[in-house]
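You will see two complexes here that share chain A, one where it goes with chain B and one where it goes with chain C.
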Partner chain A sequence: MNPWRESRVRRLGQRLAQGLLDRTHLGRDLLVLFALTGWALAVPHYGSDFVVSMALTCLMYVALATSWALFCGTTRYLSLATAAFFGIGAYTSALFIDSLGWWPVIAAGAGVAALVAVVMGSAVLHLRGTYFAVLTFGMTELIRHAVTYWEKQVTGTVGRVLTVVPERDTIYLTVLALAVLAVAVSIVVRRTRFGLGLMGIGADEQRAQTLGVNTRLAKIGGFALTAAFAGAVGAAMSVRWTYIDPATVFSPFIGFQTVLIALIGGIATLWGPLIAAVVFSLLAETLRLQAPQAYLMTLGLLLILCVLYLPGGLASLRWSTFGQWREDTRAWWRELRRDKRRDEARENAT
Partner chain B sequence: MNGHPQLEARGVTVRFGGLTAVDGVSAAFAAGELVGIIGPNGAGKTTFFNALSGVVAPTAGDLYAHGRRLTGAGPHRYAAQGIARTFQTPRVFGELSVAANIDFGLQFAGRHRKSSWLLKDEDSILHLIGLSAQARLPAAAVTPSQQRLLEIGMALATRPRLLLLDEVAAGLTEAEVDSMAQLIRRLRDELDLTVIWIEHAVTTLLRYVERVIVLHQGRKIADGTPAEVVRNAEVVEAYLGDEVAA
Partner chain C sequence: MVPVSFAVLMATGIAVHRLTFRRLAATSPNVDVFEARGLMVAFGLMFLVQNFAQLVWGADLRGYDYLTDPVQVAGSQFAANKLLLLGLSLAFSVVLIVSLRMTLLGKGVRALMQSPTGAQLVGIDTRRLHPLMFGVGLGLSGVAGCLLSMTYTITPSMGEPYTVTALIVITLGGFGSMGGALAGGLALGVIEAVGMHFTNPSLKSLLSYAVFIGVLLWKPNGLFARR
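Now for the complex of A and B:
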């Protein structure tokens, strides 16, 4: 066998191993998703109203944070516009639920939000970093005030009551479907050329361009995809709240919380945003009522700790991470004692 | 090749505010040419390269690939036209494996382009640039000179017709420069690739190329064979004086 042939065979073997590895990952991801879905499906059957409402909040943030990370995490374009798309979805739902029916209204919320994202993205996606973040935030505020103004002029009041409301379980299943869809789309996108392009944009946008990625198209597409999810979730949740006004559905807190969840969970990971969304919603429900300040403080503290000690997010936590922390702490402690001893020795000398 | 040059610059000017980095440079590059671009620091070599690869849009002038006007198009359009480039400091995707870095170009600009067996797939490109053994390592973990080879490999993965090399020999040892030059020659000979090569070390470059363009303060002051260029009075005065005399 000539060496050229031989090395080809060896490489073929390596590639096969790699392919299998990927496939087991895919299997694992789908299995986890399947199990979580089954579990979440069962919640309305045995849970109290309180539990279901908590699970609903969980799922809402799972959908928001996972879809946010899908674009913003991979490309590192930190968007604060989630609230804008959420609110647009909520208003679409409020305006058309009587005439369209349930599923079309969810689709319409997603569609309108995606459309706005395409326009907004075309305007601001050439900016990076802080400029992009600040502008998306500014545009969210602009949309909120525009809607407030329009409501005052046209309807005379600010705020809308939704009268025709589907059952609790319908809303729950819809948001669950959106959350599952968000994770499923993330799993798929990570394995496509589109996902590879987004990753390239995040790593080195100009390099990706020179290798043939149409970055403008990829960015606008990714941004619209994220927005569609936020819009659909907004459309579903507005019905849950039965009364909406611009201050609640365009609340910047929705955008910030989504970003925080994704950051703490790990923006570049698949499961990070989901894990953090669950942790957050539980924290929110248990702490917000008894100690609202403690809730915000915990949030801030968790973010600081994550940024300092776990930059990859909760999903990057491994057993070895704990070992590393222990090593670091011991080294720090040893240094502290050495410094102290040296100081004492110096004091004795003088 | 419909008689048009692979790439043609007509009066390309690039201005940054008040500074004119490239000033009305015209040049045409035919298939299979191995061209060097030299010039003192700040002569506008890299800016000219950025214009040739679409990274910077020219303030004035036009760019044509195979007679098709590309002025103002994004870098991905240049890549789709078979124009590939490397960067002065290697810009590889550090977290991805060496093989995945090659795969990136194959997935995008190189996707629908036919190619010779030399650039058939990931493995053949790795073999060509001599990084087969490092294929599974993360790109950030290989040595700087290997990263430079990987840069070339990434550019080759777009299956180009023209390759822009920005100081690929900088910081390499004499032997490494020699094998780099051999690789470039081989690419040109076997793929009929047009190669445009910028190098700061003039004497190195003059040994390997067949045509030299000299830039000085953004303007083209000479264009010819290395032997012609080193005798050009303007070039000698601008730049080469000491180095060639020595």
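Now for the complex of A and C:
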């Protein structure tokens, strides 16, 4: 490598590190978060019931996707276990809401989910790639079937109806608080040693280990943090739904949709999951009423297109991306024409 | 109908490979990223196809009768179509394994699994072989679907449990090992059936997931992996 280039690379690295620890970006991020929070706080005062419930769905996915990206986006461990933590939170809330208060129940949901994540994480976090994804999916299904079995055998019913339900605005504010907390935590964590360690694991795990990151602890901690958010959101949402059964709260769809939103938004970015969560919840609510299959088909198609043409996610979309696409398409055309010409030449020769 | 479904799905497979996986392989920096992205694309395809089927044919249960008369074999009664199913699926597995072991084409495929670059270096046309193998894989799953429709009712979402079962079986046998997958599949079926007999039918899926997770934790490379 020539010296000029080396110094350029080093300067780039320094700028990147500064950007991460930069106060100006911190200020900007916090300001945007503050503005969004203020706007979301105002929604119940002027919106109709429908608008509020739509905003609630948006916030739920914002919290889930942001907290998912916090761990899985930085470390590139693809976890499909969000549904498990969500369901655990929901069941904790269903079981204890009568005896505990509202806030303790949310905390309990987060706590139980984090506990399960620590146990699960210490068992499976040494596996990478597809194994990790498949194993977390298997664990989710195992937990779902175990809960179904337990409900059938011990309590005799499969579903639960929640009778003590707080007001709509309380639930809305709780979920809003969780979403804001998730974004705030990921703003802060990105700038701490812990967050940089997670990012190092994503770039090259062995190197991070050599440079003194306790990868095992960092991974389990990150996984538990994600799980705690999912559990808290589950605890809050189960009260909103008022009727829960294992098939709905442990639905793998919750996990998939979270992953999808984060992927489409851009897993390594801060605002990508948030933007995608809002776009998707709105799209879901409008399309689901008219054509449920069309909604899921759009989802599948978008996922494929996003993975193929926009691996960095929506948040990585810049003006230059369009130029890149145009270049790609032109190169493809040229290749096609060249192939055709070559075939023709071959035919003429024979 | 079996050859027709094989051909149709093989064509679909080659088309899908050309549209998505070729670009995916070209743009992914390493195998890990390729696997993760491939998984996501596959799930996207699942959503797409499943809901397309639901839109076109509706979500009703369907089925037909074919060879449902019972047959006596060694003192026990079996439905004829289930015996046919067993025979045909065994035959297909054996043909696949033998052709992978014995023929030149199979040798090329195994080389491709070991090292794509190396295979290209010794003169294997990977750009043609890879889509072909993808097509054969999808074609075989088409055959499986065709055989299953003889004995079970069909719905657009019937594939999901089988996807999970297939993943379990493959990880049980170890990725890329044919004999391992065959043995793993048979073992999983036997464990499920015996376990259900001794405990409780509603424990069936619990049991298969427990076996899966246990095996992965105990031997992450699969039961029959050679090192």
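What to note about this one:
In this section, the second predicted complex is superposed on the first by the 303 of 350 C-alpha atoms of A that agree within 3 Å, B and C clash if a C-alpha of one lies under 4 Å from a C-alpha of the other, contacts with A are read in each partner's own complex, and residues count from 1 in each chain.
The rule is short, and it goes like this: contacts are C-beta pairs under 8 Å (C-beta built on N, C-alpha and C of every residue); 3 or more make two chains touch, one makes a residue touch a chain.
Note that the structure is a prediction, hence the values are computed from the model and not measured.
On the superposed chain A, the positions of chain B and chain C stay apart, so the two partners fit side by side.
After overlaying the two complexes on the shared chain, residue contacts for A:L263 are found with chain C alone; chain B is out of touch.
In the superposed model, A:R216 makes contact with chain B only, not with chain C. Looking at the shared chain after the overlay, A:P311 reaches chain C, while chain B stays out of its contact range. Contacts of A:R207 after superposition: chain B is touched, whereas chain C is not reached. Annotation for chain A, partner touching more residues between chain B and chain C: C.
Shared-chain residue A:Y149: touches chain C; no touch with chain B. After overlaying the two complexes on the shared chain, residue contacts for A:R193 are found with chain B alone; chain C is out of touch. Per the superposed model, the minimal spacing between any CA atom of chain B and any CA atom of chain C is 6 Å. Overlap of the chain B and chain C interfaces on chain A comprises no residues. Contact residues of chain A toward chain B in the complex are 7-8, 11, 14, 193, 196-197, 199-200, 203-204, 206-216. Interface residues of chain C facing chain A in the complex, by the touch rule stated above, are 20, 23-24, 27, 32, 35-37, 39-41, 43-52, 54-55, 164, 167-168, 171, 202-203, 205-206, 209-210, 212-213, 216-217, 220. Contact residues on chain A toward chain C in their complex (touch as defined above): 76, 78, 123-124, 127-131, 133-135, 137-139, 141-142, 145-146, 148-149, 152, 256, 259, 263, 291, 293-294, 296-297, 299-304, 307-308, 311. Those residues of chain B lying in contact with chain A across their complex are 53-55, 74-76, 78-80, 84-85, 87, 91, 93-96, 104-105, 107-111, 123, 127, 132, 135-136, 154-155, 157-158.
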